[in-house]
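After this come two complexes, each holding subunit A, first together with subunit B and then together with subunit C.
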Partner chain A sequence: MKEKLLAILSEACPEVDFETETALIDDGLLESLDIVMIVTEIMQEFGVELTVDDLLPENFNSVDVLLALIESRTA
Partner chain B sequence: MRFLAERLRDSLERTVLEYLEQTARRLPEGIAFADEERELSFRELVLRAKGIGSALLCKNGLTTRPVAVLTGRTVYSVEGYMGALYAGCCYVPVDAAMPPQRMMDILEQIQPAALLYGPKEEKVLGKITVNCPVLEIGEAAAHPLVTDLLDTVRSRCLDVDPAYMIFTSGSTGKPKGILISHRSVMDFAQWYEDITGVTHEDRLGNQAPFFFDLSVKDLYLTLKTGATTYILPKKCFLFPKLLVELLNEKKITTLSWATAAFHMTANSGVLEKYQPLYLKRVLLGGEALQAKQLNIWRRALPDVQYTNLYGPTEVTVDCTWYPIKREFTDQEPIPIGKACANKEVMILNEEDRLCTVGEPGEICVRGSGLAIGYYGDGEKTARAFVQNPLNPLYPDRMYRTGDIGMLTETGDILFLSRKDSQIKHMGYRIELGEIETALNALPGIRAAVCLFHKEQDKILAVYEGEMAAAELAKGLMTALPKYMLPSDYHAVKALPRLPNGKLDRSRLKEEYLC
Partner chain C sequence: MNFFSLSFLLMLAGSLLLYYVVPLRLRWYVLLGVSLGFYLLGGVSAGLFLLFTAGTNYAGGLVLSRLNAKRASIPAERKKEEEQRIKSHKRWVLILDLLLNFGLLFMVKYWNFTVQSLSGLVGALPTVDWIMPVGLSFYMFQSVGYVVDCYRGKYAAEKNFLKFSLFVSFFPQMVQGPISRFDQLQPQLIQGHKWNADHVKYGIQLALWGYLKRMLLADRAAVVVNAIFDAPEQYGGFFYAFGVLFYCIQLYCDFSGGIDITRGVAQMFGIDLAENFRRPFYATSLADYWRRWHITLGSWMRDYVFYPLSFSKPFAKLGRWARKHFKGKVGKVIPTAAATFVVYLIIGIWHGANFRYIAYGFYNGIILTSSVLLAGTYAKWKKALHIRDKSPFFTLFCILRTTAIVFVGRYITRAPRLLLGLQMLRKTLTSPCLYQLGDGTIWNLGLSLTDYLVVALGFLAMLCLEWKQEKGTEIRKTLERKHPFVQWLWLFLPLVLLCIFGIFRDSGIQVEFIYQQF
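Right after this comes the complex of A and B.
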C-alpha cells in the first residue's frame, strides 16, 4: 500500500522526496493543486472517502501519517 | 531645477501617505496588519516606513525611479511599500514565489532605484542577479529618520504621481508593468469604503498575494478605514477546515477574495459542516463568478452580503460592481453590475458606437481610475488607452479592456468573454464563456474551460469533475443549442492555474491545441 501511495505522491510532485520528508506542509512543499490531485487519486485508488475533517496539515506532513489515515479508513 | 507651486489642501490629502497618517493619528495603537508571526500597529507602520524611506533616501538621494519590494505574504510587504512611498518612489511588488527568471525580467524592465526584501527572502535573492542597492526591510526600518529629506519628498509628491506598479502577464508572454497613481488608488479606496461599509472595527482576511491587484482592496481599505488586515497563511487554502477555524479565531468580517479561492472553498464541502461565524461580507473578483458555488455559500451563510466585482488592473482594481440581492439558479450567469463611482463604463460595438440592450460589445472604461500607462512602453500605452470615440472634441482617455460584455434590461452588465475567446463555429458567433457557464452549472463539475481548435473547427471542453463525457454532453444539450456543444471532452484531476489562482489558459492552449 505504501508503494502505491508513494507512486501517487511522486506523480503529483516529482521534485519532492516523499520517502524522507516529514514536514511536507510545514515546509511548504505541497501546493493547493497538489493536495487536490493527491486526494482525488487516493479516493480512487484506495476506494476511501476523505472528508474535510481528514484534510488537515497533520495528516499530510509525511507519507507515514497519510498512510495511517488511509489505513484507518480501509480497516 | 523643478519648480512646484504650493498645492491645494485637497490635493495634499489625496496622496496615500496622507491617508495613512490620518488613520495613524486617529488609531495609533490599532492593529493595521498581522500575519502568523507579527502584528503591526498604525503608529509602528508609519514609524518603520519612515525609517525605510530614510534608508532609501540616504542610499539614493531624491529619485522617482521605482523600488522593487521582494517579499512573501507577510507584514514586511506593507512596510516595504509604504517605505518606498516615503522615499518618493512608487513600489513594485515582486513575489518571492515567482520563478527567478520572471523576477529578473521585471527587474530588468523597471531598473529599480533599490530592491527591498523581507528577512526570509535572502535565499531567493541568491538565485537572481540584481544591479541596484539591496536593503533588508527589517534593518532599513530601524534607520534614523532624515526628517528634512522626508519633508522635501512630501512637498514634491502630487496626487497624479505613481503609487504602485503591478505586473500582469502580457499577451505576448512578456510581463507588463501597470502604473497606478495616488489619486486613482485613493479614489478607489474611498469608493470601496462606501460600498462595503467597513470601519476600523472590521477585520479583513487577506487571500490575494500582493503582486495581484486584488490585494489593493485589503491594503488600502485598512489604510483608509483603520480596519485590521490579517494575512491568511497559504496553508489555509490547502486545508479548508483550517481556513474556517482561522476565520473564526481571528473574527474575520470581510473577505475580498479571488473568485477562484471562493469556488475552491465551496467545492471542498467545508461550508456544509463548518461556518465562518463573524463573516458579514464577501467581495469577489478576478474571474467569472459561478452561481453553483455562490449558492453553496449562500445556503451555508445566508446573511452575508455577496458582491461580484469586475475590472482589469489598468482601471485600478475594479470598474463595475454587483451586490447580489436575489436568488440565482445554478445555470444563471451572475452580472458584473454597474459602474463604480468616478468611472464610466461603455459597451462599444465594432463601429465604436454604444451597444443597445442585449448587443455584445467591448467593455470600455473612462474616469479617475485609469492607469498612468505601461511603464517604459509608450506604444502599448497608446494602443490600449485611446481617445474616447464618442467625444472627438477634446482629449478624453478611454481604456479598451478587450473583454466582451452586454447590457441587460436592468442596466447591469453581463460579462461574456475575452475578446479573443469569441469564436466563429459552423457559421455562428459563439462566446466560449457561455459554454463554460453551462458546463460549470452541471452537477459534479468543479471547474471547466472551453477551447477552440480553429484549424479543425472543433470546440474542446477540459474539466475537473467526476462526470463522464457522455453524461456531460447530455447535460449540456438541455442548456445549449447544438452548434455550441463541444465535440471533445477531457477530464483532468486539476486544471492548471496561475499563481494568482486564475486559470492558466495559455498552458491549456499549449497542451490541447498544439
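Right after this comes the complex of A and C.
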C-alpha cells in the first residue's frame, strides 16, 4: 500500500522526497493544487472516501500520516 | 474617521490607555466599544449592515453548533437515520446563512451592474441606491468563514453575542481586512493582554512603515497614474507602460501599507493579525504571486471555495469523464484546473461589479489553468534544456516572467474601460511614441524631480529590504541586536521622512485606500 501511495505522490510532485519529508504542508512542499490531485488519485486508487474535512495539515505532513488516514477509511 | 486623521490617532492613544488600565477580564469590552464607535461614525446604515452580518452569522453558528452536539449524542441504534436528518438540517441552515449574507452583498455590490448589463434581455428592472459600507465584503467573508467552520464542526460556536460582534467588528481590520479566522483571532481578542512595551514598540514600527509606504510612495505614484489614465489620449504607448508601472507601485504600497497600519495598531493591543502579503514582487509564478498577494483572501478561497468545489459531485463526475477521454496526467488534472479557473473568476468578480474585473478573473484563471495542464510539458522542456529549478538565472527568469504577467493584468484593472485597457496594451507594444521621452511629457504628470526620486529610491529601498527578508533575514530581530540608539533612530527615521516628504499635495492626504472599495 505504501509503495502505491508513494507512486501517486511522486507522480504529483516529482521533485519532493516523500520518503524522508515530515513537514510537507508546514514547509510548503505541497500546495492546494497538489493536495486536490493527490486526494482525487487516492480516492480513485484505494476506493476510499475523503472529504474537505480531511484536508488538515496533520493528515498530509508525511507519507506515514497520510497512509494512516487511508487505512482508517479502509478499515 | 480614517487612519490619517488626528481624531483617529487621538482615539487610538485614548483606547490604548483605557485598554491597559481596566482589569484584564474587561479589556475586550474596551475593544468592542472602540470598534463599534469607529464603525458607527460611518453612519447608521453602516451599523445596520454590521448588525445584520453579526446577527445572521451568530445565529447560524449557534444553530449549527447545537446540531453538531445533537449529532454526537445520537444513540447507536438510531444513528443512521438521525445522522442523515441532522446532516440535512445543517445543510439547510448553511444554505440559508449563505443566501442571506451573499444575497445582501449581491444587492449592494452587484445588483445595479447586473440590471444594467441585462437590461437588453429582461427589460428595465429597478436599481437600488444603497451605499456599500466600508469593509462589508471583508467582514462578511470573515463571518461566513466562521459559519462554515461551525458547519464542519471545526470548533464550537461563540455563545456570547457581544464577543462575536467584536470578532466581526474589530476596528483596525474594518477598512480592508485582513480576513481573519475565528479560532486564531477570537481568543486573542477576548483574552486581555498585559502591558508589554515591546508590543507597543513593534506595533508603532509596523504602523509607521505602513504610513511611510502609503504617504511617501503610493500617494505620489497615484498622481502619475491618474494623470495618464484620466487622459490616455494625450500619451503614447511608452507612457501607458510608465503609468502601469506606477500603478503597480501605488497598489502594493497602498494595500500593503494599509495592512501594515492595521496590523501595527492591533499589535499595540497585543493582538497578532494574519499576514496578508509576503513580498509578491519576488513571486516565481502566477500561482506563487497569489500565495503572496492578499494571502487571507487566497486562503479563504482555497478553504471555502476551491476545496469544496474540487470534491463536489459535479467535479467528481467531471474527473471521471476526463479520465475516460484523456490519457495520462491531463485527464487527472482537468477537474483541478477547472476548479482553479472558477476560483480565479470569483476572485476577479470579488474585486467589483465591472467587466474589467470579470476579464481580470478570466485572465488569471486561463494562465493558472493552462500552467496546471501544461506542467508536464514544462518539466520536459526544462529537462531537455538542462535547466535546474534552483539556479539563480532561472529564478530571475521566473520572477521577470511573473512580473510581466502581473503587469499586463494591471492594464485591465486600471484602465477606465476594458476595451480601452486592451487598446493601451496594444499601443504599448506597437506605438510607444518614444519621442515623448524627450519632449517634457514626464514633467507634466504632476510630480517634480524630487518626487520622482522619492518614489524611485523609496521603492528600491523597499525592494532591497524585502529581498533581505526573502533571504531569511528578520529585520526586527536584526534591529534588536543593535545599540538602543540605532533602534530609536530606526523608529524615528520613518517619522522624520513622513514629516519631510509625507504630505506633499496641497489638497492634503487622500484618506481612502484602493481596496476599501472592494
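Methods note: the second predicted complex is superposed on the first by the 75 of 75 C-alpha atoms of A that agree within 3 Å, B and C clash if a C-alpha of one lies under 4 Å from a C-alpha of the other, contacts with A are read in each partner's own complex, and residues count from 1 in each chain.
In this section, contacts are C-beta pairs under 8 Å (C-beta built on N, C-alpha and C of every residue); 3 or more make two chains touch, one makes a residue touch a chain.
If you're wondering where the values come from, they're calculated on a predicted model, not measured in any experiment.
Is A:30 touching anything from subunit B or subunit C once the two structures are fitted on A? First, second, both or neither.
Only subunit B; A:30 stays clear of subunit C.
Does subunit B (first) or subunit C (second) touch A:57, or do both, or does neither?
First partner only.
Could you tell me if A:21 is touching subunit B, subunit C, both of them or neither one (first, second, both, neither)?
A:21 contacts neither subunit B nor subunit C.
Between subunit B (first) and subunit C (second), which, if any, makes contact with A:45: first, second, both or neither?
Neither: A:45 stays clear of subunit B and subunit C.
Does any part of subunit A touch subunit B in one structure and subunit C in the other, and if so which residues?
31-33, 36-37, 40-41, 51-53, 55
Please name which positions on subunit C make contact with subunit A in the complex.
Spelled out, the residues of subunit C in touch with subunit A are 152-153, 287, 291, 302, 306-308, 310-311, 319, 323, 329, 332-333, 335-336, 339-340, 372, 379, 389.
Write out the stretch or stretches of subunit A touching subunit B in their complex.
25, 28, 30-33, 35-37, 40-41, 51-53, 55-57, 60
Given the complex with subunit A, which residues does subunit B contribute to the contact?
234-235, 237-242, 264, 268-270, 273-274, 493-494, 497
Going by the contact rule set out above, which residues of subunit A touch subunit C in the complex?
Listed in rising order, the residues of subunit A that touch subunit C are 11, 14-15, 31-33, 36-37, 39-41, 44, 50-53, 55.
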